[in-house]
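The same subunit A turns up in both complexes below, where it pairs with subunit B and then with subunit C.
On to the complex of A and B.
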């Protein structure tokens, strides 16, 4: 219970689970970058399909991620809507042509095939990275996160703070529950029965002791860490780091190929946009 | 002549945040292979002394040092925290916050990771120490999944893995139940011998630490060493009580029975102490002592009838529990962690609703009462006052519950002031809470509940982490208030002294129901129950069985009562 915040690691034995966390992270980051830069719909569709296949291969059950998935879908839909509302003619200005569906180019609100293609690209950009991120989160042991971050160049102090956060979230949740119960037992109402202002007051009543308790904890933790020489050297090793195996090198090769294709397409398209309207 | 491993020479220290020296002219040598207990009341400077040994002073706590402290040839003030950590491995008071890894194995390997040791070597070292400390089954477990005793073993593993010579424990018993505490002391003794370690223990509970077979006892008071000798020599001398510490119970009872400790041999343990006169004296003392039976009229206040409760679709955590608490009683609720003690108090306070069964309070069914309505009858006080206090001054904190009830200002003033006077906090009413000691904060949290005028209090580990003086202070205060206001109190605790000395009835919980409901003396002399509740035998019980007293619980009860009369 305490381990799963929104999504949590699930132990299974698949190709994706066996890859090192760093490989998955590098794959996620490099595909995201090339995907964010390019506006080639064919390429985006390709990596979208690719990430869906990987997702399917890693045997993640939809029920495990249904909540986060709903949040992402809602967010993406809302975003697309806003992008259109703020600038319905943006597609026309990018592609330099207009194939109208509704209205004409001189009106502010109009709809063109160019705009639709542009919005479709944006939608793909939002969605193709989601399965990749979920794969990283769900097939990598939390203990390996920090090691992976460090391996791709993030300083180990920052990487370790990720680990410490994961370590203490359940404790802080427990503190929160304890404090909340104690305050309610003194008559502070934070349930839905009370009105908003009363509930807000009740919440403050919990937050303050929670902050003080957490500050105490941080002090002890940082002492405990320096007593065991955290921060002594510029580098550290990781008990949970995974060594790169054949599969990882293979994965790097595939990632590299995809990125190269993406870059080559810039050349072919004479820029970031693939323009089917010419 | 062996060189001392740790050597204090005329050492004084003053924290920058304080006006006076916390340590004053300390001279102390600790030799390789010694097991030394540093004892003293809160504020005696014992924790500060520990911080000097591991280098947190002056590196994490700035202050002024005079004199010298040398650890394994290194002058503490001139060496870095990192250098010192190779010589001294520290196990902090709260093994939970010392646990910085996501799993047991990672936490044990933490210092090796920082030393850039290769993965293969780390795995080897972790598996070696996991075997020594019996943690092999738990290597992949998270800190939330293991017990306090196991966490402490992980913390020990995490420093032993450095192969440091000195092991320093800061209040190792504070967060363990009695059974785990006993096991921990025995383990420390065993490890020290096997690995030829030097062990420094900082604790105020002397009787329990004696199980680690310590070689030397150093007692601090007000920053000065007031005793430094073999434990036996100090135990003989009757000095401990005057120094704010608790004397081992078996010695107190022998003194009470008129035996001079100086005439006894092997006085370090209740299991070994001998003197031909003991058996006779104890028998005649027990015969002579009388138990008074309080003949109170019993009115039922809280009644639980066949309560069942499970979280979600899980197993019943509370499984057919029946319990009656009488008006004016002070009872203790004991049991292993996870047996449903907090679930039970949450059911009573209304945070959880039983799946079946009835809870009656003064004859009224509480099923329809909200948490808020129940809070007017039952007050709930947490172990850690910092988790309860949310205002900045004493008066504000104590009045905050009343303010919510929307009564007039003058009314609040009178009620709060009255409670503050009862709690001895009236003079401090305008003080900022940050200026209060732990014990005073505890009193503030109790006052903040008392002002709501409940009929019953539930206190979670009220004396955890308190030395003997503060323990006595808090408990006599609570006893007084309860008598004055005719309060009923349930103490959730692991503290066997607390059960014996301040409660009249002990409820033992196991697997969701009451497995024993009797006097504390009876509970603490039932072998089978002790084990199921993760309690330990008291030394009184050991004496009673060693010297063939007819009834152990009668003996325990009589001694506790005579202690009570002396108070």
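On to the complex of A and C.
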């Protein structure tokens, strides 16, 4: 099923594959939260290197992720361009000093080391979690994902919804392709050649049947689940759930250490930013 | 329908709804030229999901669908926007009783009221909440995020107004109208 996604689970036997899904989920969530909040360049670089090493260790091939990498690079480049164009002096106002490279602080368009450092931070924030997310996606089996959500405290109904989503994405995708081809055969244009209005009309002719067949499917699946007494008890067990092993506890310890370092750095830096200009 | 069945239906509607949102976001998004902002067909599907299955299903489905889409396209979700999208779904769901789509009667005045409501909801979400979150959490310059927020507000409102309204009307037509059966004399 995961073949239809742009990136998906691939069976291998590495350290990362053997860790339980819950461990990887907790690791990804806690590292991305601490990385989202902090603006300490050293810390962000540290996490980035750490995640690159893990990525290399999990033996993911570059060809599996080349497409997603291109999208991420384009996304990051364009956003950084926008961040700069909208306020080139933002770095100066954050760090409260100015070491100019071009122009002076009174001009709107100028370039300072402060701005460069801020932009570098932004770039790191866009990219540092990417290897972690890719490791997570490529080394965790989709059905284990739902089990791990439940294990970390998400209600099993919501976990089951996520499971259903992962299960039905390929089906909805296949329906979409079939309907799209059928409608194109009848003459609806949805490619880039057509203008916006024609494309919009074509899109509507595809999504209408897609949505109405899916509503029927919701009905069928929920009746089947009611018949099997889904939701009768307050808890349920998961076929794909894994027990924590030694490696998992070790991983928790490492994650905990990284988060503690991140929190301590707020104290050391007196805030979210690391300021080398003082 | 009993309460138990409703809750099972909510779980399934959330799951399959999120799958539809994911596929719509991935394949039928029309780019506009402003970064990360596109005419979002998925946003137009949201009112229908909300009108049938209520706030919990719509909010969670949007949250899961958007987060998964960000995951597989950008590597990591842009949490502020994902959360706001979920909240917009919840807000649409709160209008379920007013729309009462299962009755099969959907008047022009109901649709107008809904559209006023959705424009306000989108304004609060995309112009007030999302950019403010971006500034607080991601420390992005205010000018950039407010321009993105404004663009998203306009595009999402248009998407909901056009696609959302069409879907609501078409769905209502498939429902049997209340009191449509008469006793033969």
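Convention: the second predicted complex is superposed on the first by the 248 of 278 C-alpha atoms of A that agree within 3 Å, B and C clash if a C-alpha of one lies under 4 Å from a C-alpha of the other, contacts with A are read in each partner's own complex, and residues count from 1 in each chain.
Operating definition for what follows: a contact is a pair of C-beta atoms (placed from the backbone, for glycine too) under 8 Å apart; a residue touches a chain by one contact, two chains touch by 3 or more.
Computed from a predicted structure; not experimentally measured.
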Which superposed partner A:163 touches (first subunit B, second subunit C, both, neither): both
Which of subunit B and subunit C A:217 touches, first, second, both or neither: both
Subunit B versus subunit C as contact partner of A:271, first or second or both or neither: neither
Touched subunit A residues, subunit B compared with subunit C: C
First (subunit B), second (subunit C), both or neither touched by A:182: first
Which of subunit B and subunit C A:208 touches, first, second, both or neither: both
A:230 touches, of subunit B and subunit C: first, second, both or neither? both
Partner chain in contact with A:78 - subunit B first, subunit C second, else both or neither: second
Subunit A residues contacted in one complex by subunit B, in the other by subunit C: 163-164, 167, 171, 204, 206, 208, 212, 217, 221, 225-226, 230-232
Touch list for subunit C against partner subunit A, complex: 4-5, 7-20, 22-24, 27-28, 30, 35-36, 39, 41, 45, 48, 52, 60-61, 64-65, 68, 71-76, 79, 137-144, 147, 163, 166-167, 170-171, 174
Complex interface listing, subunit A residues touching subunit C: 5-7, 32, 36-37, 39, 68, 71-72, 75, 78-79, 82-83, 85-87, 90, 94, 122, 125, 127, 129-134, 137, 157-158, 160-165, 167-169, 171-173, 176, 190, 196, 199-200, 203-204, 206-208, 210-212, 214-215, 217-218, 221-222, 225-226, 230-232, 272
Residues of subunit A that touch subunit B when the two form their complex: 2-3, 142-143, 163-164, 166-167, 170-171, 175, 178-179, 181-189, 191, 193, 204-206, 208-209, 212-213, 216-217, 220-221, 223-233, 235-241, 243
Sites on subunit B touched by subunit A in the complex: 54, 56, 59-60, 81-82, 85, 90, 92, 94, 96-103, 105-106, 109-119, 122-123, 126, 142-144, 158-159, 162, 346, 349, 351, 370-372, 374-376, 378-382, 384, 386-390, 400-401, 404-405, 448-449, 452
